[in-house]
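Shared between the two complexes below is subunit A, which has subunit B as its partner in the first and subunit C in the second.
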Partner chain A sequence: MTNTVSLHPATRFDFNSFRDFRRDYEVALASPTVRVLIVDMKNVQYIDSAALGILLLLRDHAVSANKTVEIHNLHGIAKDVLEIANFQKIFTIR
Partner chain B sequence: MRPLRILAVDDDALIGIIINTFTRQLGHTCQLSASGEEALDLYAQQDFDLVLIDRMMPGMDGLETTQRVRALQEQRGWRPIIMLSGASDVDEQVLALNSGCDDFLAKPINFNILEAKINSFWRIADMQQQIARNHEELVRYANLEAEEKRISSFLMERLVRRDMLDNPNIEHYLQPAQVVSGDLLMVSTSRTDDLYVMLADATGHGLPAALSLIPLSQTFYAMTAKGFQLSSIMHELNQQHRAHSPSDRFVAAIAACYRPMDNTLEVWNGGIPKAFLLNNDGEILWRFRSANLPLGIVDHKLFDSSVEVFKLPDEPTQLFMYSDGLIEAEDVHGTAFGKDRLEQLLQQPLNSRLATLQACLSAHLGQHAAHDDVSYLQLLCKEQSNSSSFGQGTVIDKGSGNTENWNLQLRLSAQQLKRLDLEPLITHFCQTLGLEESRQGVFGLILRELLSNAMDHGLLGLTSSLKHEANGFERYFQLRNERLMALENGEIQLEINQSSDAHTNHLSISVCDSGPGFDFAKLEQAGLQNDPDRYHGRGLLLLSKICSHLEFRGNGNHVIAELHWPSEDVAGATHGT
Partner chain C sequence: MHGLPSATPSLSLRLLTHTLPWLLVGLLLWLSVPVWLCLLVGALGSVIATVVLEHRQTTETDTAADTTTLPLDELDAFAQSLNTHGHTMVNELSKVDSLLHNAISEISQSFMNLSQNIETQHQLSSSLIDRYSGQSTKSGEVNFKTFAEMTHNTLGFFVESTIETSRISMQLVERMELITQKIGLILKSSSDMDSIAKQTNLLALNAAIEAARAGEAGRGFAVVADEVRALSNRSTEFSDVINTHISGVYEDLKKAEDAVSHLAAKDMSFALSSKKQVENMLGSLHSLNGHTLTVVTELGELSQSIGGTVNQALTAMQFQDMCSQLLELVRKYCNKLVVYSAAVSALSASAPAHQLPALRAANEELKQPPHNPVAQSDLAAGGIDLF
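After this line comes the complex of A and B, so read on.
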């Protein structure tokens, strides 16, 4: 589909990977054709609370740009962390 | 790049003039000196960026001048020195470089080479300045950070309230990852001896984490002391956090309220790993999993503040809660402590449980510091029998002077009853009016029992016998929530009166609900003492023991509870006569 964009956070998804991730999502947010941003967690081996904060920021920006965020391919520790934080209540997780 | 300030040292005045003219044409400034001694005086007084020194001079020669300028530079910072010399052989160049100068230029001076060398050192000088500026900046940041750490340590220390954590029913451990932790443990006791605990894990560490925890801890201590419902507290904490922190900063938290009077435990968990309810033998009786989003993520419309209510068994139990730093703590090989190992360790008798956990954690970590904060807390739940010192003591104890007289009447309709957490609100109002301090605890308890009877049985039509069925307690609270949500009609009238005469102080609480009432005559016939179990759910046994007088009117939908206690004997109070 042309109106979705996949974002690929670093293997270690934490505050240090914020800049690269933000650069990618800002491009996607600026695009008028993009409707859905997919955060592909396939490669993520570690995630911390700062990264959860980054996802929340992304969600805020997406909502104000009238786009939605989906989280795909969750597994391992990242899956546990997002489940404990109950992020399925505010994100579409596939 | 700014122009260079050049110092040229040569006893030959002509060469000095030529260098001066040439360097000024390049846009730099130049100061001349005819001898090594004079050059040292100048260098001590002014700042230069580059020094040109003639090798052969009467008196102090170029080699010695170089060494002395270098000595001055030890305090003032390195600047390049170029030596000019008539002798151009290799030995002479080596000697010059060994004496400490940075470059060598043969005489007669080739001005193209001199210009190239000046430009080369110009770039180096610029880099040097940049490095010096960066260094200064780094020192400034390091100082700032040290200051921030000091302030956040101070803040966290204040937030923790160690006096509250030192509770005989609490065991805890908190190991911050850095100097300052993002984990906060809080304990508080209400006037009615309900015990509240909370473990909060803020995003990040240091000052940002400490700052985001300030409003939360203030709200927690204030509301728990007044005996607010746990769900009201969580609702307010979520609002507080949203009001004070940006959207990517949230706080994972678990909070619990243990009510020893009814031996119930309420738990709210948003973003903290499962907490365990254990008995003395180490059997896991229940897991309180995270059912909610952490604090500060969604607004009050989406925030779910409903709590899990758990009726505890008759045996003593313990609630164990911990932050994810404990199971994520890595040993030297990068292996996490793990939730399976924790769960296994917890399943042992109370008296050895935490000591074993601590020993295993220390062995696991070794010299290796944990990556994240490690904290845990164990709350000991021991039921207080209804005829405890609480009820007795407050009736027997000495009066505290003549009380103020006041009367409060309230009529609350369904809308307020759905929305408000009444007991702390009304208690606070009565305190302001002049509720006798020594009666505040027992007052809150009576008020809560009467209000919950009026609500649950009067307006919502719940039967307390439900609580005695298997899983009845959970079912009861579920039903209560559903009916409260749907409540549209009904009201509760409340009248509270405090007065005193010469010998006795009186406090009466009258609660009248618009429900159908109940057959209190039968209750009075049976006698409270003889059949306590039958009316357990209504808390009437407790009330009848605490109150000086308990009376039902109308259809049983109107109840009046009275407390009497002696006024202070004025003569007896006069000390030492």
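After this line comes the complex of A and C, so read on.
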């Protein structure tokens, strides 16, 4: 699909991975053809609250840019943490 | 048979009766009647005579015994012991009745208490059932379920606020990145300014050289060129100061970002473990509540069944009443014996002619059964329902 972009957070998805992740998503947000941003969590082994904040920030930006964010391939600790944070109510999780 | 020994019929009469048939046989033999016929007649006659004699004997006894003297001494002894035994039996019966009455009262009272205790137990188990099945409506009562739910909600609220803090922190970081970018622009402008100052300095130096070459005519211009150099030097100094300040701001921004990173980056494992604990607690509470409810319900049913049994036992306690009535009947029989013995004892005081009729009257009186108040013979037939 041409109108989707996959973002790949680091294995440790935390505060330190913010800059790289932001660089990737700002490119995607700037592209007018992109409608859906897919956060692929396949490689994520650890996640902290900063990452949850980053995801919410991404969602805020995406909403302003009239785009949607989906989270794919959730597993392990990341899955549990996102469930506790009730992210399934705010994000489309596949 | 309560008859007295009859008088023996006189010996002569019996002799006469038994010899008469055989005298008749002799007469018949003398009249040349065949021997077998004579013997037959003799045997028949003997039988008839015996029967007649026996019949006569009994009728004589009945009619002639009125004047017979009774063995009063033996009768009196018999009456005495009858009297004593009768009285003893009446006394013992009273004791049995009283013992029975007391024992049954106590047992009944015990069963009543048992019944009340079971009722209390039943009420207690009912209240427990209400409590554990979550039907209790008492205000201010926090049960385990509510507590666990509250903990769960508090945890959710805490997680939410942590994430919100992280979101705002990341927003701050983003803003600070923008500021850093702006600082980069400022630094670039400052460096441009610096290069302009350096070029100005160079220009002023060239101007000073040219002024020196012009000699006296360029003296004034040389002063201006020096002033311009001085200004360019000052401009370079200012540019350095600005750079220093901006670097300070940049350092401070870095520190702020570090601080914000601490604010934003919270390990979420606390929430994971807490949530698991709460879920485990809720699960075990649920199963515990279920088990308790089952046991308490069974206990309630058990106490109800015990209550029913106790009530049955209380109903069965009515046997005491019937036993008491039966004992009363036995006592009446004993009293009759006592009265009879008194009548027999009184015989010696009465005239000999009246003794036998008096005894017969006493016998007749003894034959009459006393009034029996207990018609039923068992509890089931009684059918008296106390409850």
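Here, the second predicted complex is superposed on the first by the 94 of 94 C-alpha atoms of A that agree within 3 Å, B and C clash if a C-alpha of one lies under 4 Å from a C-alpha of the other, contacts with A are read in each partner's own complex, and residues count from 1 in each chain.
Just so we're on the same page, a residue touches a chain if its C-beta (ideal position, glycine included) is under 8 Å from a C-beta of that chain, and two chains touch if they have at least 3 such contacts.
Values in this document were obtained by computation on a predicted structure and should not be read as measured data.
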Clash or fit, subunit B versus subunit C on superposed subunit A = clash
Subunit B versus subunit C as contact partner of A:D20, first or second or both or neither = neither
Looking at the overlay, what does A:G53 touch: subunit B (first), subunit C (second), both, or neither?
-> both
Does the superposition put A:K89 against subunit B (first), subunit C (second), both, or neither?
-> first
Tell me which region of subunit B runs into subunit C after superposition, given the options 6-14, 24-32 or 258-266.
-> 258-266
Overlap of the subunit B and subunit C interfaces on subunit A comprises residues 15, 48-50, 52-54, 56-57, 60, 81, 84-86
Give every residue of subunit A touching subunit B within the complex, in rising order.
-> 15, 48-50, 52-54, 56-57, 60, 81, 83-87, 89-90
Contacts from subunit C onto subunit A in the complex sit at residues 156, 159-160, 162-163, 165-171, 173-174, 177, 261, 264-269, 271-272, 275
Touching residues on subunit A, where the partner in the complex is subunit C | 14-15, 18, 22, 47-50, 52-54, 56-57, 60, 77, 80-81, 84-86
Could you please specify the touching residues of subunit B with respect to subunit A in the complex?
-> 201, 203-204, 247-250, 252, 270-273, 290-294, 297-298, 302, 324, 372
